[in-house]
Amino acid sequence: MSEHEREELMDVAPGAPHDSLMSETLSYIVGLGLALLLTGVSFWVASTSSIWGPGVAMGLVVLAIAQMGVHLVFFLHITSGPDNTNNVLALAFGVLIVFLVMIGTIWIMGHMNVNMGPMPELTNLQMQRG
Amino acid sequence: MFGRLTWEAIPLTEPIPLITSLVVILAIGAAVVWVTVKGWWPYLWNEYITSTDHKRIGIMYFVLGLVMLIRGFADAIMMRAQQMFAVGASQGYLPPEHYNQIFTAHGTIMIFFVAMPLVISFMNFVVPLQLGVRDVAFPTMNNVSFWLTASGVLLTNLSLFIGEYARTGWLGFPPLSEQQFSPGVGVDYYLVALQIAGVGTVLTAVNFVTTILKTRAPGMSYLRMPVFCWTTLAANLLILAAFPVLTATYAMLMLDRYLGFHFFTNDGGGNSMLYMNLIWVWGHPEVYILILPAFGIYSEVVSTFSGKPLFGYRSMVFATLAICIISFCVWLHHFFTMGAGADVNAIFGIASMIIAVPTGVKIFNWLFTMYGGRVRFNVPMYWTIGFMLTFVIGGLTGVLLAMPPVDFLVHNSLFLIAHFHQVIIGGVVFAIMAGYTYWFPKAFGFTLDERLGKAIFWCWFIGFHLAFMPLYVLGFWGGTRRLQHIADPTWQPWLDVAFVGALLIGLGIVLTVVQLLYSIKTRDRRLDTTGDPWDGRTLEWLTLSPPPHFNFAVLPDVHGEEAYWTRKQTALREEKLIEEPDYKAIEMPVNTPTGVIVAFFASLCGFALIWYIWWLAIVGLVGAFAVLVWYAWRDEHEHIIPADEVAQLERERRRIRKEQIQTWPRPA
Amino acid sequence: MTGVETPAVGLTHGASEDTGLGHRGPESKSIVVPYGFWLFVLSDMVLFSALFATYATLAHATDGGPASNELFDRTLVAIETIALLLSSFVCGLAMIAARRRNLIWTQIWLLVTGLLGAVFLGIELYEFAMMIGEGAGPQRSAFLSAFFTLVGCHGAHVTAGLLWIGTMMAQFWAKGFQPHIMRRMMCLSIFWHALDIIWVAIFTIVYLMGTLP
């Protein structure tokens, strides 16, 4: 089997870069640039009044996810190629669990806070004391 | 200098812990003396303690789990006795402060230091052999994982001699587990020991997921892996996903206790319901971590002893992965009554019922495997059939509990206790006994005595039902869990029956030890000379018993499902083995004391944290780090087994198998 | 390609460079080790998700004490963020130099990575000290417990990373670019980048969302 064919079959470790010095360095430079841009936009979105209030939080989440993606692609070299399948699947599983834990907890605890908050009498007592 | 450790920590005024401590110390002392006198330390050190061989590590896990089973069962029989005696006017023999420690220790030890190590022992021993490879992906880390678990065991058991244990139940719910209401060392013993053991468990998961996904014999694609490997993969993915949540939650409780934080306290804005939520995010996947490998063991046993390939391999794989994912979507069913409301309860209730479906698929697949096969009723098959009867009913009570309206009546009642013991004993313990009998000859070169094996089964099967069926009834009658005293005298007969059941199980455990000793003594009558005593279908039966250190002289080429079965049938049909391979030298990882030394420092640090001996805690931490750096500096990672030695061992195996070809039954 | 031609066959030594479908046997150590570490890093992310979930639940449990919009300084956060991001970039450069076996540049970039990480840590410790000085320490309220633990846990990971960078530099100097040293460098690189990913979530959810006008 030729060099080229063997290389195509090689599986790649997560974080392992894929090619030449120039393109490797370029990958990091582009990643840095995009990340700096996204960070700057995040800070701006969080301080401006020109965006509708409730949309700000959503915007920040989207920008954060985008920046995490930049890190994954440009710094950790996670791609969608067949040599990266295991890495991507592991990442997908991790993301699923993170999602379930965070959203599940927030959903459940939100309901708990509504249903199981201190009774009015108790709150009254606390306010009298505190 | 010694923090809060004083001489009062030794339970001189409490007869039960005192006598137990003395007996245990004497027993350990006697064992140490015996080993020293016999000169076995070098052997133990080289062949087991520092071993990076997955087979040896598997055996060590099993021994650890078995010893802890005795401790956990002792707690159980004490509880059963107390409940039987303390009815009506009588107060029994265990005051509440002591009883509470016993049920806490019972649960903690059984889940973390019996079930987990025993299940992990099989994963360790069997998976690399079934995958056709030489060891797990990270053999040294495997050794470290074992010793960290052992460190957790040590610390937990130390609480019997020095200090006390937690009184909070095995999950340590706040606010009771907070400093304000549990100011002693008990909860700290509980938390520190489990944190240390938890690190070991996560490392095990990294090891096995990597091994299964990245190191398999040539030709073994995913859908040619044995089902036990699939279930091990799913269980370890769950460990990776769930244990970090446990670590975080325990860390937060430790911060509350040690540094006055307010995560779960009553004051300062703390929210103890948050603890419940997080701990069960871990707790539910945990039980699937235990049951999935058990299902895998049953799959192997059923297909081997029915003489048929497993029915519905792909649906088994799919069901396993479905259970894996769904198990992360049901955790709220452990606290339906805490007040999340009807819509939240409904979603989690439905998910909890849905998870019964893939389990049902598995049961049907096992039944269809047996149907049309020539079933051989060896001991592992007894355990499997016992499992099917027991676990199905336990699962049904689980579906009942999954309905919030029902759960509101029986949450935390004896009904719940009966349910989870039924699925854990019927599911996990029976599988461990089946696997133990099934793979024992592979590990040691001779089978266990069958008659005693059957007696052990009947003790457990009958004993379990006697011990727990009454509890379903008592649960419906309003009996809550963890009762130190029973007010209603009409419950007496049921509690008596339950106690008898527990005694019977105890007999089963005693017989297990007897069986082991007897089988060792009479092993020459039951030698496994060929390495394939059960006419197996998976690759571990290709090797001799016990396998050589390197497992396979040449990694087997896998051409279909049931890699070994096809190869065996071909050899029998053609009346010859495959061509003799080109023998190469084999590199195997060296032994290492890293694990046992890291665990030593971890134990030191843990003990110091529990007793507030801060300088010692730092020593322990620095020591552990230093050992890791020292390990990182070594240059010799592998040792070489010369090709001649490999050839000699393999030729011996081939000679034996060539002889067997004449006597084994021909393929149909 | 795989490099060394060993006479002996280990589990993953001299093994195949397969695409994970198992057709050619076990994969080599240079793939197996970083993959295992990647799994560990993902489990660490789950740990942080539990801390994030806790923070989200307790974010308003201030017990009458100081809240997020009174405590956080966006300028400091911006500097921390840039420092950590640059250190991630520089770590990448160190990896590039290491793959080319250039000892001088590997050490220089690793040192800069560590220094930038130390800057990050210094600012964070300063911030913590200031807050504790004002009576807004972790014992004040559940919100503050959650804040200090989430951000502090990340800081503890950064500290561990700095220790690792130091050890890595020592190992490169003492042992050169042997395969097992390179594998550790790969793992360090994965770790360091993952820390920056977590920080993105932290500065967004904790600092920015906590100080919205």
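In order of appearance the chains are A, B and C, and numbering begins at 1 in each one.
Criterion: contacts are C-beta pairs under 8 Å (C-beta built on N, C-alpha and C of every residue); 3 or more make two chains touch, one makes a residue touch a chain.
Just so you know, these numbers come straight off a predicted model, no measurement behind them.
Student: Check every other chain and keep only those touching both chain A and chain B; list them.
Tutor: Common contact partners of chain A and chain B, which must touch each of the two, are C.
Student: Among the chains, which one keeps its Cα centre farthest from the Cα centre of chain C?
Tutor: The most distant chain relative to chain C turns out to be B.
Student: Report the inter-chain centroid distance for chain A and chain B in whole angstrom, where each centroid is the mean of the CA atoms.
Tutor: Taking the average C-alpha coordinate of chain A and of chain B, the gap between them is 35 Å.
Student: Please work out the Cα centroid separation of chain B and chain C, and write it as a whole number of Å.
Tutor: Distance between chain centres: 33 Å.
Student: Between chain A and chain C, what is the separation of their C-alpha centroids in Å?
Tutor: Averaging C-alpha atoms per chain gives centres 14 Å apart.
Student: Of all the residues in chain C, which ones touch at least 2 other chains?
Tutor: Within chain C, the residues that touch at least two other chains are 20, 27, 31, 33, 35, 37, 39, 42-43, 46, 49-50, 53-54, 57.
Student: Among all residues of chain B, which ones touch two or more of the remaining chains?
Tutor: Counting only residues that touch two or more other chains, chain B contributes 213-214, 241, 245, 271, 274, 278, 281.
Student: Can you tell me which residues of chain A touch two or more of the remaining chains?
Tutor: Within chain A, the residues that touch at least two other chains are 86, 93-94, 97, 101, 104-105, 109.
Student: What residues on chain A touch chain B, complex-wise?
Tutor: So the residues of chain A touching chain B come out as 86, 93-94, 96-97, 100-101, 104-105, 107-109, 111-112, 114-116.
Student: Chain A touches which residues of chain C in the complex?
Tutor: 1, 17-20, 27, 30-31, 33-35, 37-39, 42-43, 45-46, 49-50, 52-54, 56-57, 64, 74, 78, 81-82, 85-86, 88-89, 92-93, 95-96, 99-100, 186, 189-190, 193-194, 196-197, 200-201, 203-205, 208-209, 211-213
Student: Considering the complex alone, what residue numbers of chain A touch chain C?
Tutor: Those in contact with chain C are residues 3, 6-7, 9-17, 21, 24-25, 27-29, 31-32, 35-36, 39, 42-43, 46-47, 49, 56-57, 60-61, 63-64, 67-68, 71-72, 75-76, 82-83, 85-87, 90-91, 93-94, 97-98, 101-102, 104-106, 109, 130.
Student: Okay, in this complex, where on chain B does chain C touch?
Tutor: So the residues of chain B in touch with chain C come to 133-135, 137-138, 202-203, 205-207, 209-210, 213-222, 224, 240-245, 247-249, 251-252, 255-256, 259-263, 265, 267-271, 274, 278, 281, 555, 584-589, 625, 629, 632-633, 635, 637-638, 640.
Student: Contact residues on chain B for chain A in the complex?
Tutor: Answer in residue numbers: 213-214, 237, 241, 245, 271, 273-274, 277-278, 281, 325, 328-329, 331-332, 338-341, 344.
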